[in-house]
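The following pair of complexes shares a single chain, subunit A, combined with subunit B in the former and subunit C in the latter.
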Partner chain A sequence: MAVDTTINAPTERAQSGRFEMPTTIDELRRSGIGDSPLPAIDVNDLKVYYDSEAGIVKAVDSVSFTLQQGERLALVGESGCGKTTLGMALMKLTKPPGYIDGGEILLDGRDLVPLNDEEMRLARLAEIALVTQSAMNALNPVMRIEDQIFDGLIDHGIRDTKENLRNHVYDLLRRVGLRENVGRMYPHELSGGMKQRVAIATGTSMNPKVIVADEPTSALDVVVQRQVMMTLSRVQRDTGAAVILIGHDMGLVAQFADRIGVMYAGKLVDIGTVQQIIEEPKHPYTKLLINSVPDLEEKRERLTGIPGIPPPLVDLPPGCVFAPRCPSVEDVCNELEPRDIDIGDSRHVMCHLFDEDVNMAGRGVG
Partner chain B sequence: MFVAVVFVATSFNFFLPRFTGQDPIATRLELLAAEGVTTRAEDYKALIETYNAKFGLDRPLVFQYLTYLSSAVRFDFGASITKYPTRVGELINQAMPWSIGLLVTSTLLAFVVGTLGGAVLAWQHGPKAAFELILPPFFLLAAVPYYLLGLILIWLLAFQAKLLPLGGGYAPTTLPDWSDFGFLFEVFKHSLLPALSIVLASIGFWALGMRSMMITMQGEDYMLQAEAKGLTKTRSFFRYAVRNAVLPQTTALALTLPHVVSGAILVERIFGYPGVGRVLYEAITGFDYFVIQGVVYIIVLAIAFAMLVIDVIYPLLDPRISYSSA
Partner chain C sequence: MANLLELQNVTKVFGGGLFNRSNVTVAVDDVTFAISADRPTITAVAGESGSGKTTLARLLLGVIKPTFGSVTYDGQDVSKMSGSDRRNFRREVQPIFQDPFEVYNPFYKADHLLHVAIEKFGLAGSREERIHLIREALETVGLRPDEMLGRYPHQLSGGQRQRMMVARALLLKPRVILADEPVSMVDASLRATILESIRTLNRDLGISVVYVTHDLTTAYQICDDILVMYKGSVVEQGSVERVIRDPKHPYTRLLVESIPQMRADSGWEEGVDEVLSIDESGETTGCKFADRCPQVMDRCHTEHPTAFQIDDDRVASCYLYDELPTANAAPVAR
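Here is the complex of A and B:
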């Protein structure tokens, strides 16, 4: 089988348009992020649906966003808003009864959606890597840390001496602030923060262009959370990978990200730079979300929550998904679905208030 | 620990047969009488006394117990009552290779086939369809006692189809000669049916256990992570899913194997197989204290030893278990 691959590899690559793969550690190190003019990831009209007895659940509905090379985007929203589903779909790890119903995921110009299982397998880790929500259990309990990192490298065609492989793993561990001897340890010998660092080291072991970090700090205490976020930040700068950070802690993600995308009921309703989102939130939902974050400098009597609950995703209201809870709701909101409006400065809002073609009395309030 | 387990179990082994209130010598003489050996009444009494003295059964129970303990340590259980003057050790030694050969092979075979089959059945990406057809009948067979299965097999393959011998370890007309290839083939032929009944009946047991473990394992985060790492299916199957799911299976295997020593009593009985199970069966029906003690003692030792082995090798299988830091 080994012989087969070597003979067929170049032609196969040319034919199927697979991603170029390094075959040694040395090649891998030099492979880094080139200066591609294309966006690191360009998601267009992505739909992830689930079949259920009650009907089709539109967990991610027509989401589009673009992430430049080395950019850091945070996706925030309430539980069940579809942010994790979106993250999994970007890795094409959507499990039945879920499926990608349509759309494009252009990774450095190449669409991941039509890739077959084997092509996608090779793209994972090498091109787009996942740092999971619960890194506490993300490690195989019966394997040494270094072996678990080797596995990913070897299955992506890296053939090199044990020494080179090991040195690479040591570099990865040092980069996330761990000692080399962690490589020889088993997962149960590590603390939660250490495991999360190992997850980051594993995720970056092949210099991917995009890292999807799904709530990488949710199981950790606040002090360790901050350390892990700083580690992720440093690794991101070192590798130049674009990061999609999925989280619900506005304060934590705001420190890390360049841009914030706000999701509500499977839709990306607002996206802009951290400053834009926090200082001048546009979408009524974003405003309410920002108001629900405690502010240390400003004295506020009470924190404002958002009344109501998100709508069931099976049976979405005909107009705007946020209309039932929206303070600026008008008649048109219950009838017409809002479009994705580009309001300049690469800022997008999905709300009639910003749509020139829709007549809204409340315009000017926002 | 090891010594304590062996001591307690060995003591039970001494007292239990004696609580039945049966007199082994009387039973023996009744058997002889049934065979037509008649004795006069006064001779009968003298005979029992002589025999009891001969086997030490007339002495106080405590004394017998101490003798028994010392004999256990020396692995010498004296002579068999029913098969006098054959020594107990000799009986066991003759039967042991038959039992171990038959049962170790069939148990390991069933374990390997069942465990792998169960693993594939639970694996979402595997060649499921084939296994979905093949394995469920084994789940059904797992519910059928193996001795019943043995009877059906004898009827089908030996009695009706006449493909395989009805029973025994080898044909009664041949002389045992372990260097003769023809004899070895005959032994193999005779072991096929009992082995088949054990394998068929236990594959389902291993497969079911493995299948449910695998389903649990596939929900683990490290399986998702293995997929996100872009691992090949073969690697995530063997090194991530099976590697973890097989741990409880190994414990079950280690606890099953020692029973090999006792032989599957019923299987050996049905197939007339000359193993330890048959020796034990005959000893129990004849109230042959010394043979029962000898066989059970060996079983106790084997189980205790197996537990010791699990304790020693388990840290190698599962790094989370270690004695140095615990």
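Here is the complex of A and C:
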């Protein structure tokens, strides 16, 4: 059995990390989210690039945002917009040929970017945890659920009796609405929704400050999807962790998040509260995105998508990346790159229409 | 009133066999519905995964044969068709599949698939005519032929590939298009465009469409009628307006409530976990939804409900409505 209180070799390296690590379940329980005045995560000018034969792919390009403690932010955009790349970069799980080219990821005030592999390994799960799209495949098919959760705890330097460990796992399972006996089961005995909830339980097993949930329900049916999202919601409230939900379903993120960040071609082009984004979208892309979502309110005469396709990331157009598809495009958009404009109420838009230093004829229209 | 494509008491059982009665799956259980020949309609077949909707689509296409019951096209049993009738059926009932990546052979140019369709059915006499037909079909679905022709599948986006599949179906001048989750693998922003092109086929070219989906929102937007399936049975069917706006079967209600709506003012209510909890139990002689149903009654566990006529154009199979008359015919074939 993997759990043995006499193994204590990795404890040393646990303490060498830059984050203070709990060593027993009791310490872990008390570790929770303190009342740190700092934002849970503060991303500044983050760049994630890929080297390819055709040139440098700017998958995430100068993205900045701040997430307060306990806040829920959703990142949305078409596939290929860089939202998953950004999520992976926050976990520092960017794989070659990708790399973080610059920027800061301040987690509770400490920058993750300069951490070495070992320090980062310890910070994952304990400080920032990932719940992936394919939780179905994230579980080891030949290990009992509880053993898989123990593994993460032990690897992060928790040394405690088997009874305490097991009780902790049972608490985690109950918190996600599963029965205790699920701990003794194997992954194949669980349904997709149950596996996804196990993934949430595992992700929150060390009370992380930030949970990155990358399309956690994209493989599930609507009814189960609602269940899983409400589970995540409850866990978020119980632990006080901040959540970054990566998704493309505008309805789903509207139900879950406090704020929405809209990504396009590697840039965060619009960020605001759910209400601001849905009721008064500012960026022309956000407007089109909101309009392309069918609803149950009224039957539309015509369904409208967003014309055109996103630009290839190796060959971005000069000026605004959205200009080729933008209905409000003007000459300046093809020449000058828009800045990140703070339009008040902690709302940011990357569009010349809101930049007072840029002369746009269409300002105030539409 | 003639029916173009019709399912009568169709049941499809997988697995089992002569000596093994234990491991059987009833994928489609006693389903009856029809598409009218009088008026082109769009009918949604909706349900979660495992509800049997794809099996139903395959039965309609004649790819698999029903275990019991019959599938008829223009009055002829699909599984017994032969020769020219079958060929005709194959042309007039066209599928559009879920995955716009898998249907293309990466070694051929994307339009190869259009050429093959024309050749197999001898639709064009000359090369010029063939190219003309292809261009016309591509334009109808909103693609620019010059951007599409001569390119390989990997050079096209998912949305372009899926629209090319719609164009392929269109080339054969079908009477029915059977689209099995045509937009579930493309981006939300492109979904609307593809669904709009499917709707154009229905409105302008008079093609009936069966839209198999798990997404009730898009079903509501483009369809006239809907069948809601649960574990192989149709629990509610009728006009989409009625079924989605005012669902009667507890399962349909659960589904509709679970749709995440893009609104800032309404959050999901907490604490409905209990109602939703799923217990995957085995066989039941009663209603299949009984173990999850919030309004379950004693008889639901033992008797299987028949369809009751809720209103003129909608039926639901639930004992909550047993004071209403039993439905004698499926209402979808209006």
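Criterion: the second predicted complex is superposed on the first by the 346 of 366 C-alpha atoms of A that agree within 3 Å, B and C clash if a C-alpha of one lies under 4 Å from a C-alpha of the other, contacts with A are read in each partner's own complex, and residues count from 1 in each chain.
Everything below uses one rule, namely that a contact is a pair of C-beta atoms (placed from the backbone, for glycine too) under 8 Å apart; a residue touches a chain by one contact, two chains touch by 3 or more.
The model shown is predicted, which means the values in this text are computed figures rather than measured ones.
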item: Clash or fit (per the criteria above) of subunit B with subunit C on subunit A; value: fit
item: First (subunit B), second (subunit C), both or neither touched by A:Leu125; value: first
item: Touched partner set for A:Pro141, first subunit B, second subunit C, both or neither; value: first
item: Partner, of subunit C and subunit B, that touches more residues belonging to subunit A; value: C
item: Contacts of A:Glu27 with subunit B and subunit C, given as first, second, both or neither; value: neither
item: Subunit B versus subunit C as contact partner of A:His156, first or second or both or neither; value: first
item: Touched partner set for A:Asp342, first subunit B, second subunit C, both or neither; value: neither
item: Subunit B versus subunit C as contact partner of A:Ala254, first or second or both or neither; value: second
item: Distance of closest approach, subunit C and subunit B, by C-alpha atoms in Å; value: 10
item: Overlap of the subunit B and subunit C footprints on subunit A, listed as residue numbers; value: none
item: Contact set on subunit B toward subunit A in their complex; value: 220-222, 224-232, 235, 239-240, 243-244, 247, 317-320
item: Subunit A - residues contacting subunit C, complex; value: 78-79, 177, 191, 193, 221-227, 229-231, 233-234, 248-252, 254-255, 273-275, 278-279, 288-290, 292-296, 299-300, 302-306, 309
item: Contacting residues of subunit C [partner subunit A, same complex]; value: 48-49, 157, 159-160, 187-196, 199, 214, 216-218, 220-222, 241, 244-245, 254-268, 270, 272-273, 276-278, 280
item: List of subunit A residues in touch with subunit B within their complex; value: 91, 93, 121-126, 129-130, 132, 134-143, 151-152, 155-156, 186, 188, 199, 202
